[in-house]
Structure formats: structure tokens, C-alpha cells
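By written order: A, B and C. Residues from 1 in each chain.
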Amino acid sequence: MGNGPLLLLVLDLAGTFAFALNGALTAIRVAQIDIIGVLTLGVITALGGGIVRDVVIDALPPATFSDWRYLVVASAGALIAFALGQRLDRHATAITILDAAGLSLFAVTGASKALEFGLGPVQAVILGAVTAVGGGTVRDVMLQRVPVVLRSELYAIPALVAATITVVASKVDAYGAPVAVIAAVICFGIRMLGVRFGINAPRPVDR
Amino acid sequence: MGNGPLLLLVLDLAGTFAFALNGALTAIRVAQIDIIGVLTLGVITALGGGIVRDVVIDALPPATFSDWRYLVVASAGALIAFALGQRLDRHATAITILDAAGLSLFAVTGASKALEFGLGPVQAVILGAVTAVGGGTVRDVMLQRVPVVLRSELYAIPALVAATITVVASKVDAYGAPVAVIAAVICFGIRMLGVRFGINAPRPVDR
Amino acid sequence: MGNGPLLLLVLDLAGTFAFALNGALTAIRVAQIDIIGVLTLGVITALGGGIVRDVVIDALPPATFSDWRYLVVASAGALIAFALGQRLDRHATAITILDAAGLSLFAVTGASKALEFGLGPVQAVILGAVTAVGGGTVRDVMLQRVPVVLRSELYAIPALVAATITVVASKVDAYGAPVAVIAAVICFGIRMLGVRFGINAPRPVDR
């Protein structure tokens, strides 16, 4: 993969930063919490999905928790959100874009890691999506909100698409940095279309 | 045990289906969620208890997650609930019965598996109950409800009874398909009596 | 360490009792729950933090769950709270003191155990705090409250201080019962000052 791993690491850290920033901002808007709360929820949003995946695949202690770079980047994102707070609102579009980038990258790297640890293809797809949406889900539960992933716009679906591409490519021995990037870009595109046009997944009909 | 394991597998899958159906229906009634939410919450209700048990006893990756049959049956239950929605309300009794069956079977198989992995008898009883009620508890937390098991009718108690019978029988080397069925039937009976007569566990007196 | 381990065990069990009592009382005040709910939430408050820590460091099954002494002490605390209920309100100060003691002890023993299992120093500090505040956080999430640790008074900060002292002392080979007691006493002092004077951690400014 040549410089692939380095590229993926940089992208993964960028996604971590975006998730922490976005997670901390969500927390500040929704609840009366202090600096510890903002830091905790920012870091949980950024690292929670990967931790849940690593618990399930028995890759403990969790990689993003053991690797200080992830902790530093996630803490930095949360503290910047704490310091700047609502002044970041004018950058809402930039933050949504970063969040979509994080979603895309985590879905790909999450599915890929699950395969490495010997999980089946369907399980790897699910764990790719869990890596992408798990942190935000834990944050929402702690903030007493029905998790975003259960109710709004296209969020889990693009993650599932990216994870599926990753798994299929791996099964035909075509996985590598190029496929990873393509899968992430497709996820990113679907997510941004969902945000732009307010597309939602189907809902139960006869409520 | 002869055909015991096959019988238990069939019963376990029936319980999984019932939990997924019931979990998804509860989710549809309680919250504004989309198809991803219904599927997620149905599957979590069905598989969540076993996953928590397997994390605690270090049997990772969790069996019900690795075994595609459980994933397929749980997804099918959730999707049927999504498709039929409130039309299933007229079958409320059937669903309550299926749910009680799931509770009973999971309590027995959960306690049995904990013993296999070397946990002590008290721990195995607790993990039997966790297997039975854990999935519904995670669902309720995600839906912002105080978990059913903490507040209503006889739900945890029959599960604890079935798990205790299982553990005691194992300790005197009498465990097998017949005891498993007897334990499950007793749990089922207590649960249905609790539902029928609205029996609740004691509450704190001096509120 | 001579009698150090015995002293730490006694203190750890005292903290477990205090957490269970306090957790069960909180549950009784906040929600309409039955005896199973009180018992469950008391035990989760007491053992939840250590269980989360042991999952992350891969020390499974979790020590406080496997060791019957912790289960017995936690159950006793929860059942006493159930039996006495609001009559314990007049002992609120005593319970707050016991809770602060539990916080202090769990932060120290949690950080120490994380180091033993090979986690890095920053990770050990975080896990010390998670051990101390994790159980109460899970309880609050199950009761639909924004977790105390995210919003009020000095709770996580003294735990982080005690865990940091523990980790630094270990790194310079000075850790032992005396340092453990000193770290716990400092945590206890900061926590009680926070309670006494209603000190809170800083909040986001521009809400």
C-alpha cells in the first residue's frame, strides 16, 4: 500500500478531530455541562465507536484508547469546542463536512479492522457502521436524546455502503488505499446529499 | 443430550425472533425512528443480552453476533415489525407470549453458558438474568425510557428463578434438555401470571 | 506492602458499600422502581465502574463481579437503602462522606490496576477516574438523568488528581499503601470542599 497506511492514519486522525469537535459542540448546545462534561462527551463521540468495535472483536485494550495520538487529537477537538463554543456556529457547514469525513473514514477502517480480526463479512459491515456511528450514539444516550442514527437523514446508510464496499473489495483481494478512498468518498457523497436535501430513510407507515 | 442441543437451538432462535419483533414494535410505538432505527433496536433487543454476557465472560466475539442465523432471525423479526407495524397490535397477546418464551429460554441458556465458561454459581444466575433482560434494557435506555425490568410486573424475577434452577441442576450433575425445558416452563408460567394479574415486585414503602 | 493489601481491600469494600447505598437511594428518589430496580441500580453504581475498566483492560471476567465479597457488600448496601428508604435522608451527610470515600478509593485502585495490566500512564489516569465515576454514570443513564459527573460540583476532578498521584508514584517506584492513602485523602478533601462550597468546574462561557 506504500504510503497508504500513513494516508489512512492522517485521515483517521482528521475524522477523530472532527467527531470530537462536533460531539463537544452538540453537548454544549443540548445540556448544562461543565468542562469535564464537554471533554468527556467530545472524546466519547470520537473514540466510542472504535472502542465498542474493539470490545466486540476482542482487540483489547482498544487501539484508539491505547494510542495517545487519538486521545490528544480528540481532547484537542473537544477543548477547542469548549473554548470557542457558539462562535463555531458560523462554521456549521465546515463542521458538518468534517463530521461526514469522519463517518466515511471510520466506516472503512472499522470494517477493515473487523475483517483482519477474522469476523465474517456481514459482521464486518455491521462493525464498520458501528465504528462510524457508535460514538455519537453513546453521546446522545448520555445526553438523553434519541440517537441521531435512529431517526434522521442518511447517516447509517452511507456508512453501511462504505463498509460493504470495503468488505467486498477485501474478499476479492482488491482492498488497498485506492479502494478505501473510493469507499469513503462514496459514503461522504451520500451523506452530504442526505444533509443537503434533507433525505430520510423510510419510516413505519401506519403510525 | 441426544436431540437436546437442536431443540435448544430452535427454541433459542424462536426466542430471538420474538424479542426482535417485540423490541422493534416497542421502538415504533415510543419514538419517531426510521427503518434503520427499527432494525437496530429490534436486533439490539434480541441480541444485546447475549452480547453483554459474552463480553463479561470473555467469550468474544459474541456468539449470537458471530452466528449468522441469529442475525438473520433477529433482522427478520425487526423487519416484519417494520412492515406490519400497528397491524400487529391485534396480536399483542401472541407477542407477549413469544416474549415470555424468549425471556425463559435466554435465562436458561445464558446461565448455562456462564457456567461453561467457569463463572461461579451466583454469577451464572445473574448472567442468566442479564441475558434475558439485557437487550430490552439497552433498547429502553436508547429510547429514553426507564428500563421495563426496573419498574414493572414480574420480569427479572422469573428469569432469576429459571437461571437458579439451571445452576442448581448443573451443580448436582442433573442438567440437560429436560431440566432446561422445566426451568424455562416455570419462568414462562411466572411471567405470564405476572402479566395476567398485573403482579409487581415490592416497591420502596415510604416514598 | 505488609498489611497494605488488606487495608486496601477493606477500604475498597467500604467504598463499594457506600456507592451501593448512595446509588440505590438516588434511584429510589428519582424513579418509580421496584426492589429489583433498586438492587440492580445499587449494584451497578457500586460495581459498574470497575466492570467498565476491566472490559477495557481485558481483565475478564471482571474482578468485582467474580469476587463474591463485592457482590454481597453491594447487594447489602442496596437492600439497606430499599428497607430504610427516606429514613436515610437524615444521614445525608454521612452518605455523602461515604460516597466521597468510595470515589477516592476507586480512583486509586482503578489507576493502579490499569498500570498492572500494562496500560500507559495517561490511560491509567483516565481509567482510575472511570472506575470512580463509571458506575454512577451508568446508573444516571438508566434513570434518564444527565450523569452527575458531566455537570456538577467537583466529582471527576478529584478522581483525576488521585489517579495522577497514583500513576506518578508508580512511575518513580514509590507506590504503596502510604501513597495510596495519601492520594485517596487528597481526592476526598477536594471532593468534600467542592460539596461544602458548591464549587463547580468551569462551564462554556457563551451559552
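Please note the rule applied: a contact is a pair of C-beta atoms (placed from the backbone, for glycine too) under 8 Å apart; a residue touches a chain by one contact, two chains touch by 3 or more.
Here the structure is a predicted model, which means the values were calculated and not measured.
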| item | value |
| --- | --- |
| Angle, in degrees to the nearest 5, of the Cα rotation that carries chain A onto chain C | 120 |
| Type of chain B:chain C copy interface by residue overlap (half), same or different | different |
| Whole-Å gap separating chain B and chain C, where each centre is the average of the chain's CA atoms | 30 |
| Multi-partner residues of chain A (each touching 2 or more other chains) | 55, 58, 141, 144 |
| Touching residues on chain C, where the partner in the complex is chain B | 27-28, 31-38, 40-41, 51, 55, 58, 60-62, 65-66, 68, 71, 82, 85-87, 141-144 |
| Touching residues on chain C, where the partner in the complex is chain A | 55-58, 117, 119-120, 122-123, 126, 137, 141, 144-147, 149-152, 155-157, 200-207 |
